[in-house]
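Next, two complexes with chain A in common: one pairs it with chain B, the other with chain C.
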Partner chain A sequence: MTHKILGRIGFLFAALVFVSPVVLFFLWMLSLSLKFEIDNAAYPPVFIPEHFAWSNYVKVFAENNFFRYFWNSLLVTGTATLLALVIGVPAGYGIARLKAQKSAIVIMIARMTPGLSFLIPMFLLFQWMNLIGTLWPQIIIHLVVTVPLVVWIMMGYFETTPIELEEAASIDGATSWQVFRMVALPIAKPGIVVSFILSIIFSWNNFVFGVVLANRETRTLPVAVYNMLSFEQVSWGPLAAAALIVTLPVLILTMFAQKEIVAGLTAGAVKGG
Partner chain B sequence: MISTDRAVPSYRLAPNYRPFVMPALIVVCAVIIFPWAFTVWMSANDWTLGQARTFVGAENYINLALDARFWESLWHTIYYTALAVILPLFLGTIAALIFDEQFPLRGFLRGVFVMPMMATPVAIALVWTMMFHPQLGILNYFLSLVGIEAQGWIYDQATVIPSLVIVEVWQWTPLVMLIVLGGLAAVPREPYESAEIDGANGWQKFRYLTLPMIGPFLMIAVIIRTIDALKSFDIIYAMTQGGPGTASETINIYLYNVAFSYYNIGYASAMAIIFFILIVILSFVLLIVRQCTVWSQAGDGK
Partner chain C sequence: MASVRIVNAKKNFGAVKVIRGVDIDIADGEFVVLVGPSGCGKSTLLRMIAGLEEVSGGEIYIGQREVSHLRARDRDIAMVFQNYALYPHMTVSDNMGFALKLKKAGEQEMNDKVARAASILGLENLLERLPRQLSGGQRQRVAMGRAIVRDPQVFLFDEPLSNLDAKLRVQMRGEIRALHRRIGTTTIYVTHDQVEAMTMADKIVVLHDGLVEQIGTPLELYDRPDNLFVAGFIGSPAMNFIDGRIENGEFKAIGGLALPLPEGLPAGKFAGVELVYGIRPEHIRAKADGIQGTVDLVEGTGSEVYAKLDCQGQAIYCLFRERIQIEYQQSLCIGLDPSLVHIFDKATGKRVVV
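Up next is the complex of A and B:
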């Protein structure tokens, strides 16, 4: 009995060792964001400052147009995710029921391709279509990330939902669309939640598309925070505050939807082989 | 209402699923297939944005083969990828073995552990940049506490790639952990009981029971990690932009520079295609290796 308890404490300790770099990192990020420059430039480093520099956060919003970029991020991520669900959920259903291996391979290849390779031709296309300067290029190109993700997760999910109910419904005379809408879709709700959450996170975090396609007005948050680094004479406090603002929504979502994210990533990953 | 007697068998035999796939097919063609076709065509042209375009056939590919900077970036990519696959694989497997056990706060700690891979890479990269700072960075301070001299980290040509990999490891070890944890969940209990009766120690149980059974999952982790590490862009670009000099310029960063700093669209397209082919070949090699490991394990089981 004591042996078992000791074992558990041992594993707890080992787990803490693994988790500590994560915790320390985020605490240090918070500490940097709440310190005045004098504390951030101090050596040896100050861990908990005497005076908290809440003004760093005010500065980020006041001086860098961050409300605008937050709104841009919301629009791009929201639209790209909703479009991906509208397009991707039925597609995942169709591919699962058709057992269409070839379409699955196309999706797989889309996941393997570096985002940059899409960017060159799409960049030219958007220029010709005169879309640069609006949010549309970013929304459209985010579909490159979100659609395959949603299709992939939903495909895996629909393969596990029972087909018998759907057969019963079609015997009763329901059309394919009605079967999908009334029978398959309600059962698939957990899968939809998972793909929704992951799609939001990956779209929100995306940097490379914005860095090429966004201008001053259409930047998303990751690009905005990166630009602070290059243009402002590096002052750490506001920079860390900005970094925290960008990633906080995702971290909160991760905390609350941990179960779904773990399920989605492992399912998606294991299917990936 | 809708039901007519004739409709029933036809739906039963062949429900029409194709319309469900159509919208996605159109989107995939528009944002994936078309760009690829266009890239192939561009790669056969000498074309810098704002200048005249001339058809040059395979010249871009020949130039690429003779481009020392390309070969150097290829070497950086391989170096970076090898480290960024092996280290998370090793650490992630250990983490999975720990999280597979029962202990207090397990679910909560797992949730915390998973956070880095969901966090915004650019935001993470900025904070790591501050931590790597040679004079004011916290890492050199910690090193000084244990008596190790200050490092140049990402500011030193010799250490820049391993330093970047530290960030990559910090961020992506959890994914390996999750995949392996999935594998461990599927491992049956009985072999362990008989091994204990036979007097096997912990290492033997791991080496001869656990490892072969989670082998396929490790291979999946290797494949996913390899693809992601090859494509890695955000962290490298945000932290060093390929520097100092070109010491951390991977193919992806070089590709970005050629395309969007020099606007040499034709050459960049050729590089994008070669890069993609490399990724595909490597993934297929790994998939084949995976098939082999699955087979050999089936053989071992007898």
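Up next is the complex of A and C:
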């Protein structure tokens, strides 16, 4: 009996050790966002302050054009994800069904190339096209990452759906397009949800592309948070508050979609109904 | 309903010739079983009829219409797959009505046809369920229902029972047969199980290495196999094959064992030719003054006794329907009915007895 309890304690301890870096970061950020600057600079560090600095959150909204950046983020993420799905899902289907491994590898190589290496040429291209100053450069450059992501997830997903289902549909009188829309697509729903969420997480959190391509009006949230660091002073409190606010939508989305993600990532592992 | 005619059909996958020139005539309303060992091309041939595989050569006709290069959806056929291939996101009734929905049939017509098929197959109470909520046998029935609703020219079955357990398989075998009797649609059924072929078919087509070995009724194939392959494939347990020659009006096996020849065999014509003597295990009787052998193996199932005998170095398998008491290493005398013996030319594998 004691053996069992000891084992359980050992397991919990191990879990704590592994999870702690992630959790501690998050908790420390939360603590920072609720402390006045004096507590943030204190030594020994203060984890739970005597007075909560709610004003940090107010400041985020008051001192910045926060809603504008939120709207920018929403537009960039939404459009980039939508376009990625519209392009990536049929592409993944085509590659899976035609067994076009070579195209798949080409897409993978595009994904493996560091984003920064095509950032400068793309910047020049956008400038030439007079797109700088709009949100389009950010949307388009996100596609470089999100499209391969969606293609690869969907490819794996479509490969696991039995071909007989589509053959049955084509015998039943469906055209190729109807087979895709009425049979392949509904079955691949968990895969679509997974690529949707991963694509949103990428776009929402992306910083590097934004910091290069965005100006004052077209900033997205991560860039806006970065711009809170000024030359004179780093105001940790509002910075942490802003970072938490930025994280919140993705966090909520992931929590709601967690069930779908797990179903999506394990689909095909066992023979199901 | 329609007849199906396959003329010199060929299929190559790259350099591999899977179907090497097959001719089959299937009459309107006939139940034909394509049977053969795995890799013989039977499923490929069925998929060629369905339009799921391109035809590399030859023609396929359904009724008077050549369909060799038509798309699957234009051939007016229905197919039941080995793994059922039910649409997992649709209910039973949506699965069955899918083809009608694609044809833009009216609500009323769709409901009527689905209800009729459901009543034929006893699925009335399952119409709102999803495939994952059904048992294997029920799924199989839904797959058949989907085919019936279409009212197609030809039904194609691709090893539909191999995912079911033995008992259900026997039951479904009967149900498919009964369904065919009731609906009468021309049916092509693929299986590797020769018992399924024997029990279900009006006509069996035995395929081997992409070629037709023999076409005939189950009893024709059993009684008069054209060649060694069919003789060995049809019948369970398999036929005994004994190599030897004809000498002095008798068949002399290689070990020296003498066996009786069927009457009317022009023995002189085959003197010196290497032959194969075939006798089915169930055509061997225990006989006091017969050929003597030693029992090497005995398996009793209650209804029959299966034994392996060593007759002068020649292994002979026997199946006795009567309950005889024999034991390992015991001596046993057997008799063969010469009229039930098959003789094949060893070089060509062809049957030589008229």
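In this text, the second predicted complex is superposed on the first by the 244 of 273 C-alpha atoms of A that agree within 3 Å, B and C clash if a C-alpha of one lies under 4 Å from a C-alpha of the other, contacts with A are read in each partner's own complex, and residues count from 1 in each chain.
Operating definition for what follows: a contact is a pair of C-beta atoms (placed from the backbone, for glycine too) under 8 Å apart; a residue touches a chain by one contact, two chains touch by 3 or more.
Because the structure is predicted, anything quoted here is derived from the model rather than measured.
*Asks:* Output check: A:S117 vs chain B and chain C. Expected answer is one of first, second, both, neither. What do you get?
*Replies:* Only chain B; A:S117 stays clear of chain C.
*Asks:* Touching A:A100, do we find chain B (first), chain C (second), both, or neither?
*Replies:* In the superposition, A:A100 touches chain B alone.
*Asks:* Based on the superposed arrangement, let me know which partner A:A168 touches: chain B (first), chain C (second), both, or neither?
*Replies:* second
*Asks:* Decide which partner touches more residues of chain A, taking chain B and chain C as the two options.
*Replies:* The partner making contact with more of chain A's residues is B.
*Asks:* In the overlaid three-chain picture, which partner chain does A:V183 touch, first (chain B) or second (chain C), both, or neither?
*Replies:* In the superposition, A:V183 contacts chain C only.
*Asks:* One more residue to check, A:E50. First (chain B), second (chain C), both or neither?
*Replies:* In the superposition, A:E50 contacts neither chain B nor chain C.
*Asks:* For chain A, give the residues common to its interface with chain B and its interface with chain C.
*Replies:* Shared contact residues on chain A (touching chain B in one complex, chain C in the other): 167, 170-175, 178, 272-273.
*Asks:* Okay, in this complex, where on chain A does chain B touch?
*Replies:* 7-9, 11-12, 14-16, 18-19, 21-23, 25-26, 28-29, 32, 40-41, 43-45, 86-88, 90-91, 93-95, 97-98, 100, 103, 106-107, 109-125, 140-141, 143-144, 147-148, 151, 166-167, 170-180, 201, 204-205, 207-208, 211-212, 221-223, 225-226, 229, 236, 239-240, 242-244, 246-247, 250-251, 253-255, 258, 261-262, 265-266, 269-270, 272-273
*Asks:* In their shared complex, at which residues does chain C touch chain A?
*Replies:* Where chain C meets chain A, its residues are 50-52, 71-73, 75, 77-79, 81-83, 85, 87-89, 98-99, 102-103, 130-133, 146, 150.
*Asks:* Considering the complex alone, what residue numbers of chain B touch chain A?
*Replies:* So the residues of chain B touching chain A come out as 1-4, 7-8, 11-12, 15-21, 23-25, 27-28, 31-32, 34-36, 38-39, 42, 91, 94-95, 98-99, 101-107, 109-116, 118-124, 126-127, 129-131, 135-136, 138, 141, 170, 175, 178-179, 181-182, 216-217, 219-221, 223-224, 227, 230-231, 233-234, 237-238, 252, 255-256, 259-260, 265, 268-269, 272-273, 275-276, 279-280, 283, 287, 290.
*Asks:* For the complex, which residues does chain A have touching chain C?
*Replies:* Contacts found on chain A: 162, 164-165, 167-175, 178, 182-183, 186-187, 189, 272-273.
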